[in-house]
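What follows is a structure written as structure tokens; I'll ask about it next.
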Amino acid sequence: MPERVRVALIGAGRIGQRHARTLATRVPRADLVAVADAVPDAARSTAATVRLERWTTDATSLFADPDIDAVVIASSTETHAPYIIAAAEAGKDVFCEKPIALDLAATDAALDAVERSGVRLQIGFQRRFDKGYRRAKEMIEAGTLGRIESLRDTMRDPTPASREYIARCGGLFRDMTIHNFDTVRWLMGAEVEEVYAVGAALVDPMFAELDDIDTGIVTLRFVGGGLAVIDNSRRSGFGYDVRTEVFGSEGAIFVGYARETPLLHLSKDGVKSDHVSWFLDRFDQAYEEELHAFVDGCSTRESPDVTGEDGRAAMVLAYAAEAARRDNRPVRVEEFARMKHA
Amino acid sequence: MPERVRVALIGAGRIGQRHARTLATRVPRADLVAVADAVPDAARSTAATVRLERWTTDATSLFADPDIDAVVIASSTETHAPYIIAAAEAGKDVFCEKPIALDLAATDAALDAVERSGVRLQIGFQRRFDKGYRRAKEMIEAGTLGRIESLRDTMRDPTPASREYIARCGGLFRDMTIHNFDTVRWLMGAEVEEVYAVGAALVDPMFAELDDIDTGIVTLRFVGGGLAVIDNSRRSGFGYDVRTEVFGSEGAIFVGYARETPLLHLSKDGVKSDHVSWFLDRFDQAYEEELHAFVDGCSTRESPDVTGEDGRAAMVLAYAAEAARRDNRPVRVEEFARMKHA
Amino acid sequence: MPERVRVALIGAGRIGQRHARTLATRVPRADLVAVADAVPDAARSTAATVRLERWTTDATSLFADPDIDAVVIASSTETHAPYIIAAAEAGKDVFCEKPIALDLAATDAALDAVERSGVRLQIGFQRRFDKGYRRAKEMIEAGTLGRIESLRDTMRDPTPASREYIARCGGLFRDMTIHNFDTVRWLMGAEVEEVYAVGAALVDPMFAELDDIDTGIVTLRFVGGGLAVIDNSRRSGFGYDVRTEVFGSEGAIFVGYARETPLLHLSKDGVKSDHVSWFLDRFDQAYEEELHAFVDGCSTRESPDVTGEDGRAAMVLAYAAEAARRDNRPVRVEEFARMKHA
Amino acid sequence: MPERVRVALIGAGRIGQRHARTLATRVPRADLVAVADAVPDAARSTAATVRLERWTTDATSLFADPDIDAVVIASSTETHAPYIIAAAEAGKDVFCEKPIALDLAATDAALDAVERSGVRLQIGFQRRFDKGYRRAKEMIEAGTLGRIESLRDTMRDPTPASREYIARCGGLFRDMTIHNFDTVRWLMGAEVEEVYAVGAALVDPMFAELDDIDTGIVTLRFVGGGLAVIDNSRRSGFGYDVRTEVFGSEGAIFVGYARETPLLHLSKDGVKSDHVSWFLDRFDQAYEEELHAFVDGCSTRESPDVTGEDGRAAMVLAYAAEAARRDNRPVRVEEFARMKHA
């Protein structure tokens, strides 16, 4: 592996465009060499943004190119697993947006290909690279909080995504809560034993029509006895809301941020500030750091901070939560974790 | 009922002493006329604090006194129901600390006595009188948040109470979570249909030895579809922690307070403030307001803001949560709500 | 001096009523025995509020009463010095609202009477008893901030007082800034050497008509080299604003409070909270503590935390600032400090 | 002027390196074409960071290059005016770090050259581009605060710069306060009529040895009657401190930010957060926006948001403040403003 890493980007949608800019300008060791997207205009215009000549609608052509060291996959979910497999077989390191796949069989096929080939696979759980969350994890590992007893993790989008997106996203737990599942596993430093979940379609009738929910609460019991609760909504009514509280025997950590602009307005009506409006703003720094880590890891060959197994484990929790909610019963995670290679 | 209300206080422990001072000095229409406590020194010294001559170890003597209009019951839990019944039969209005009783049969007996006699019974859920919670309720009722969809309610004590207290308190859900049960019912403005609960003894082995838990998470589903989650711990590691978040279709309200003293210390180590350390400090204003409301109501005869039925409903939720936790299954509240007169 | 202190209150206006309630109900060792006010209704109704029978329009009658140990003077400013003198000559300890007098000659006459008689005189600079300010002072004295280098002290009323009040109050510096003068002297732990001041009538033309200002900035240079700046306005536009910043070689302390109610409202318009609206709310705890300290001191005979000399020193600074503003030049404080007995 | 703007960077020190990265990667219309620095290694390594081949130690060679449209001057202060003049004579637009020059004669010579040539000159007062300050200015201009009456503007570095830097920087007012002078002029929307200033060397004896101060307070009176106060220190003891308060007839705006990381740590010792540590972090977004604005303006030919006249006006205030401090008297700004071409 050369000192510089030649990276191709696959998928030039919202997050793909962000990754293109980051790779082109903020990751010193990365050379972004090509952009692929099934939509020609998307590929072309994203390449142009970063003054790159090479773009294609054929992602598979990139896997065959020996001058590409690694791929960043930000295309639609159903392509993740096939592209991971193709990249692995071509010996290219992979950064892939969550989820690996909506079903565990496809997930396992991708993980198997990665394991066989020895390439590195990093999953795009960007919260792990946020300054606040990273510092929380460091303090937990340093023992600052003593024994971790419980966690509260919340996430709300400002407004629901489009019907088209919701219809294909796999439902609240696999699409949105999956970030929280990863966060609570990571911060607790333990595996989940059992989950229970409730949900409701309160925000928009669309969710009920699509047999989905827009509001959910998941209770988790960890091996070792720790507890956690996650709550989500597809609509906050006020901005992007992501906050986590970690309670230990020696104190607590709250991670979360309210203000976007350092401005308070004081008037007869009270004191007013703004609020972070969107996850791309909230996690600006994290989206940059995760690609730094990925590209550096392509050289150092250290294990990624967020592995394919982490991606799978979060998806298993999503399955368990969905079963818990539909059957209205606590579900032991092993019911789903054991599904591998079944 | 005269314009001034002659009140006797029963129970001169920690909260009783607070009520004595409040009644003596901050509730203009109240005349605190007597203090009773089974422990003579407690009764005497509390009376002395408020320059009151009359104290007794025999609470029942107060019920027979025609010059007493109302009683405030802050004695130990097992005496609540008998004293409520005695007061009701003597035609005296009653303010009673939570819970009415640890079992529903005794609760119902007390409520029946109240109903037969026509006296007023107000339960000491002081959070309803806190400026922040009261304002939240007003905004909810004014429609500021639109439709209320979900709630997060948290409460942590700084450190566990004594083993002696824990052994007799009825367990986490009946002793501590009961405040949260009242809060979420009240803020949601709806009854709970089903609960699920998990718990663990993580803080202190004492809790396991007493077949109790020190950490708990309760999920609630309301009639009408709203959801809520409550989490509690017997030990925060940092102070007294009580915070509530209400999410509606048009925005959210967060109720909670961190600083006790208006002071920030900035140094090389960062920015530091203190934290509210104790519920008596956090709810100072609420403890005063609830007695104001009680004494005023003795004249106006308006229905109390927190009725005996509210006290019962919270206890029913505690029973349901305890069953849910022990059986590890969602429990429909009607299983316990129907127990009345069974 | 008996263990209990028999206190008479002189002056039943806004702050007098507050002191009446505090003395009657929150200061255990105080016996409030009489209320005097030139307006019979004010005296009578304030006495009634605290269930006190004795009231009078003749304050001087109280000085002659051997059963009164101490007086709290909250009457209009021009009466302060005569009442202090009368009380001192009668051997009664005195708590007096600021200022002792608007002119230094009357101030000195009062201080001389106090000195001759040996009674205690405490001035009502309540900020010194606020939890936040007191903690700041403790940390400064403990060396937590290292050497104190500079201070910023701000105070704004929500809206201007009445024309009648403004006309008689002595102007911005003697009426309002006097609190800040005391605060910066106290926190810096040093005397002021020189002041400069600017001011303007921006809030209301009334101030210019009365040859007064409504907005002022005072720069102070302390013996030893420390610097401070005070800014005031008669109208904040948002609530009561009192905040202080202390900068030392090892860090800083900010004292100040924004929220009255522990409630945040989050909506599409941003995040909103309320603001402390009035000094009687902001300094509720301080107004209680200062009387505690006064009454306790009547027994212990310890020097008051805020002496008559402190009251004089703040007034001297007000004079110097006024001269600086009118002459538009830096003024050495000794020009006024030396006036005593001149 | 072509659609893309070819920019050369002069000066590859701390802020020059930041500008290099920004121009190379975050300003879409900019083509960074060359880097100049008197120190070969600095020029070479900064160019390498942005994958640029062209670097030089001879800045003047860039002015002669017809393929360069604009220059960004971030070299040492004494070179600013000569480079501005050279660039202006070569017809190149100029972005220049503050100050234009430490003396007004050189400043005026540079401004004259700019005026004669018709090139654009933008000064690097980055605070004007900060989200918070920009929003404050918009609200002020929209009349949200009513009439602006007073301002408080504070700035503190975490620790003093090196003796070498301090010796050459022109002193506190010309080096540091100059940012505050620009901010208060801009936010007040009026010119300053008179200033008074005090200062002291409290942080480090070095400042006294260099006939400089490390702590300063400047009072300003504006045409129209508004007032402002600026305070500065070379050492905060806690991080980078920049906060501004604007008070108007209808309310106030506070601009300022405390936390760097969205993390609170709660423990027995209280609640702790971090603090923004450095101006390059605090104004990250502003440093990017100012170059966006500069490059866009090279095409649109609109007047810069921060002109050379703004740079001069701030320097005039620094001169006036320095005279006020040394003579210990209020100084009318016209004494210095009239110096032009004198």
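What to note about this one:
Residue numbering begins at 1 within each chain, and the chains themselves are lettered A, B, C and D in the order written.
Here, contacts are C-beta pairs under 8 Å (C-beta built on N, C-alpha and C of every residue); 3 or more make two chains touch, one makes a residue touch a chain.
Just so it is clear, the model here is predicted, and its values are computed rather than measured.
Of all residue numbers used where chain A meets chain D, over half belong to both copies. The two sides are thus made of the same residues. For the pairs B-C and A-C, the larger set of C-beta contacts lies at B-C.
Averaging Cα atoms per chain gives one point for each, and the point farthest from that of chain D is the centre of B.
Distance between chain B and chain C, defined via averaged C-alpha coordinates, is recorded as 40 Å. Averaging C-alpha coordinates per chain places the centre of chain A 57 Å away from that of chain C.
In chain A, 236-238, 250-252, 259, 266-268 are the positions where the chain touches two or more neighbouring chains simultaneously. Residues 236-239, 258-259, 266-275 of chain C are the ones that touch chain A when the two sit in their complex. Those residues of chain C lying in contact with chain D across their complex are 145-147, 149-150, 152, 154, 156, 196, 198-200, 202-203, 215-217, 219, 221, 225-229, 231, 233, 235-238, 241, 247-252, 328-330.
Across the complex, chain C is touched by residues 21, 24-26, 28, 49, 130-132, 135-136, 139, 144, 250-257, 259-268 of chain B.
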